Amino acid sequence: MTLRESLSQNYKPIIYFILFVLIGFPLLHPLGLPLPIDQDCRDVYNKIESLKAGDVAVVTQYIGGGNRAELYPQYKAVLEHLLRKDGIKIILEEAGTESPVFSQLVLQELNAFKRKTYGVDFVDLGYIPGDEAAIAGLCRDLHALVSKDYYGTPIDQIPMLKDVNTAKDFTIVVDITASADSQFWLNQAYAPYRTAIALGMASAKVPDAYAYYKAGQIFGILESLKGAAQYEFLTGSPGLAIIGMDAQSLAHLYIAFLIVAGNVAFFMGRKKK
Amino acid sequence: MLIAGRLSWLVVTLIFSAIMLSILYLSSKKIYVPVIREHPGIAAIKDAIGRAAEMGRPVSYSPGTDTLYSTKYAADTAAALTILAYVAKESARMGSKLIVGISQPTVLPVAEDVVRTAFTFEGKPEEYVEEETVQFYSPDQWGFSSSYIGMMYREKVAANFLFGEHAAEAMLISENASTIGAIQVAGTTNVYQLPLLLVTCDYCLIGEDEFAAAAYLSPDPVQKGIIFGQDLAKLICIALIVIGSILVTFGSNLISNLLKM
Amino acid sequence: MSIVFKKGTSVVLFVVAMIFFFDYFWKDPTLQGTATNLNNWVVVIAAFALGLGAYSLTVRHVQIIRKRGMLMPYSIALLVTMFTFIITGLVTHSISSPEYSFIYNSIIVPASQALYGMSSFFIASASYRALRAKSYESLVCLAAAMFILFLNAPIFGVINPILPSLGKIVWDTSISTGMRAILIGIGIGTLTTGLRIIIGQDKAPLGGGD
Amino acid sequence: MTDIFVVSIAAILALMIYTILYRENPAFRLGEHILVGATVGNAVVQAVFQIQNVAITKFQKGMETGDVTGILYIIAIILGILLYFQFSSKYRYVSKISIALMLAVGLSLSIRGLISVNVVGQIIGAMQPLNSVQNIVYLIGVVCVLLYFVYEKKVSNIIGPLPKIGRYVLMMTMGAYFANVLMGRVSLVIGTLNDLFVAPAYYFIPIALLIVIADSLSRRKIAGKKS
């Protein structure tokens, strides 16, 4: 068997190996490929940048094992931006059973407990079960739904939550999710209270979110890892997402090349016949 | 008391059901028998089994990774089991070995029954081997797919059928099957996996194609009539969309308000 | 006796379906309670069904071990892992005990993640193998795929700023058109399939027979 | 210490699974069987707890307090046990009662959800004012794709070439979705590789690669001798 024959029969491992290298190399040696910023991501940044002292930002997430790679960098980038601003009250809430782990992780990685005071500047309400009903309760009357925070402190003893009662008091909501609960926030917070909402989405769900963005129901979207990378760039704190974006760019370029190569091979083969 | 916002559901379901059932009645009484075109997917299934029989290699079938009681894909799983009955009959008739990989334990007893019955029907009950023809793998999608892939490689399957709901493991199974050189026919109603299956498989039943194929395969040919009921329901939807859009253009939200009732 | 059960099956199918339909649009505490109960029972029945699966799996692999087939060592590994999980879970009596989390995190998590991540490799080989302009239809399909690649990877915008805007046009026109129609079709098809089974026309999903 | 252990096992298992990209081999086979054993074992444990903590506990509480909902759980337990009549070829029909219940619940819930979300919801979503070229094209697209799924011969003859257009629109949507999935899936690989690029896990990567290369060379030699 000649090399050429064996290649034409067994080409797949080679395709896989090249992809492996293209994704792996930039992770070890970041290339710094250029990164244009999408308008929907810039909108999120501008809105958060315009927040004033005393404003309330609710950041909720549904991060789990499967979508962690796409959503966690978004979560981290948005929280980093919020933590930098003074006097903003940050409320964290989780919608999935696995999600609280990621909130604890991000607070640790961002050194939040040293930078800000827990209970005055930020609070973690923990996992609230009940899907849409939970979100509805949170928007109607936060104090009635939640009695304790993630660490078991009674809500009444947390100073920053004294004047926060309904979704009317939320200045913005950033929902980072890959599931249907983005729709829940639109139903329960935007529709009755006109609370400003932004979504951070996994790529499969971006089409759904885009429809809301075009209709003006949400003020911005972070699109998958790309959105996280753009946000990291805007806040000037490069992290995992920007490095990952180099790998994304190379992988997309490679797939485009493969499609072209496949067609060239196809038409060459047909000519021979 | 009627729950607010559910009236439209009730009316739509009632009208559609009435249409489907009356067409079914008309065709079973031979008053009006609609002519339904054979779905190309069914021919594709037949061809694939035939080729596997010629090559003397087995056929593999997966009825999906979702349960019988799934709140979204129950009908999908049910349709996959109906198609399994057909695949089992065809492969018994043409003499190619069938291997069914099962993910959900609730589907296992049903699939065993379906295949057993089909083999007996074709007069080859001895070809059904307990725990061997219908194999249980794992309720976890990744446990299931790794086993299914391993089975395909070791048995060198010549045809692979993926029906029912498959989540992200669909791509894994279909691309590995193509590496072995198996012909593949797939069908699913999971819209996120459809594009992947459409690209990687030789033939793909898109969404409701799968339901129509299942209905088409009912043993009594007259009962295919219900597919025409399905068509009529779709035509009503088209009419609603077109009229609704025209009304919206002139500033009336009549239809969407009615549907929100 | 058997005829009672066979009739019983059709009655169960029909009555349960009607309970759920009425529960959806009619507010009634008894109805709602019945539906919730039925729903909870199904989860319990499914838990019992797992016994069937575990039995089938064990029997198959014990047979392989008995026959000393080529797969014998792997079957032993499978049974050992399975019983390790079962025993650890039942002895520590919790799925969140440190011992159980240890085996869960070191086996199930990495292996599932590896399999999930592998699909991007298969997208690469499928792009080479299957996205070919064999007909006008597949040409349309591959062109759309190409434009979305331009849109999603920032690098194409740097190569030529027109590429992403072309991608945007394809995105806006195509992404929801086809999907919307497929979703409507799936809804109607589910009703057809459901009706056929509920009225007892299609018996295969119950196991066929008779 | 246990951390290093977990990381190593995890990395070796992940690499064993990844070798399927090269070919089916003993390492993959071992990984595959371990994963199946683990997931089934895990499911069995969860099922046992489900039966214990939900069904049996609620039934016992119901017996103590006289709560009907709790007592009725006995029906679920009996129906679950009936499933095991599957093993008797004579009394197999008994198990079909339980199967019929599960199927009925699934089908009716699916019809409930899909008619209101997929049919009613999508019809409402599809209605847009026909005041721009884009919206008109959109409406034609949706209608044509719906017509593509018509199976009756007479109707198909009347609508003529519209289903063909629908097929093209459908292919365009499918192509776009196919490419769009890529970004998410590559992110997953990045996640896995980030876990692998940690000491001591990354030492295993070159070892795995060397084994694969050695194997492919030796197979080429064997193939060469055969031909």
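As written, the chains take the letters A, B, C and D, and residue 1 is the first residue of each chain.
We take it that contacts are C-beta pairs under 8 Å (C-beta built on N, C-alpha and C of every residue); 3 or more make two chains touch, one makes a residue touch a chain.
This is a predicted model, so every value here is computed, not measured.
Colleague: In this assembly, which chains make contact with chain A and also with chain B?
Modeller: In this structure, the chains that contact chain B and also chain A are C, D.
Colleague: Which chain's mean C-alpha position is the greatest distance from chain B's?
Modeller: Checked the centroid distances; the maximum from chain B is A.
Colleague: Starting from the mean Cα coordinates of chain B and chain C, work out the distance between those two points in Å.
Modeller: 13
Colleague: I'd like the Å distance between the centres of chain B and chain D, where a centre is the mean of that chain's Cα atoms.
Modeller: Centre separation, chain B to chain D: 15 Å.
Colleague: Would you kindly tell me how far, in whole Å, the mean C-alpha position of chain D lies from that of chain C?
Modeller: 3
Colleague: Can you check how far apart chain A and chain D are, centre to centre, with Cα atoms defining each centre and the answer in Å?
Modeller: Taking the average C-alpha coordinate of chain A and of chain D, the gap between them is 23 Å.
Colleague: Which residue numbers or ranges of chain B touch two or more of the other chains?
Modeller: Residue numbers touching two or more other chains: 6, 9, 13, 16, 67-69, 74-75, 77-78, 106, 109-110, 112-113, 137-140, 142, 146, 154, 176, 192, 194, 196, 198-199, 206-208, 212, 227, 230, 234, 237.
Colleague: Could you pull out the residues of chain A that touch at least 2 other chains?
Modeller: Each of 12, 16, 66, 203-204, 207, 226, 248, 251-252, 255 in chain A touches at least two other chains.
Colleague: If I count partner chains per residue in chain C, which residues reach a count of at least 2?
Modeller: Each of 21, 24, 42, 45-46, 49-54, 57, 71, 108-109, 111-113, 115-116, 118-121, 123, 125, 129, 131, 141-142, 145-146, 149, 152, 175, 179, 182-186, 188, 190-191, 193-194, 197, 205-207, 209 in chain C touches at least two other chains.
Colleague: Which bits of chain A are touching chain D when the two form their complex?
Modeller: It is residues 1, 6, 12-13, 16, 23-24, 27-28, 66-70, 202-204, 206-207, 224-226, 240, 244, 247-248, 251-252, 255 of chain A that touch chain D.
Colleague: Please name which positions on chain B make contact with chain C in the complex.
Modeller: Where chain B meets chain C, its residues are 1-3, 6-7, 9-10, 13, 16-17, 20-21, 24, 67-69, 74-79, 81-82, 84-85, 102, 105-106, 108-110, 112-114, 117-118, 131-132, 135-140, 142, 145-146, 154, 168-169, 171-172, 175-176, 178, 189, 191, 194, 196, 198-200, 206-208, 210-212, 214-215, 218, 223, 226-227, 229-230, 233-234, 237.
Colleague: How about chain C: which of its residues touch chain D in the complex?
Modeller: Those in contact with chain D are residues 2, 5-6, 8-10, 12-14, 16-17, 19-21, 24, 33, 37-54, 57, 71, 73-75, 77-86, 89-90, 95, 100, 102-121, 123, 131, 136-138, 140-149, 152, 170-175, 177-188, 190-191, 193-194, 197-198, 205-207, 209.
Colleague: With touch defined as at the start, can you tell me which chain D residues reach chain A in the complex?
Modeller: Contact set of chain D toward chain A: 21-23, 179-184, 186-191, 193-194, 197, 216, 220, 223-224, 227.
Colleague: Give every residue of chain B touching chain D within the complex, in rising order.
Modeller: The touching residues are 6, 8-9, 12-13, 16, 34-37, 39, 67-75, 77-78, 106, 109-110, 112-113, 137-140, 142-143, 146-147, 149-150, 153-154, 176, 192, 194-196, 198-199, 206-209, 212, 227-228, 230-231, 234-235, 237-238, 240-242, 244-249, 255-256, 259-260.
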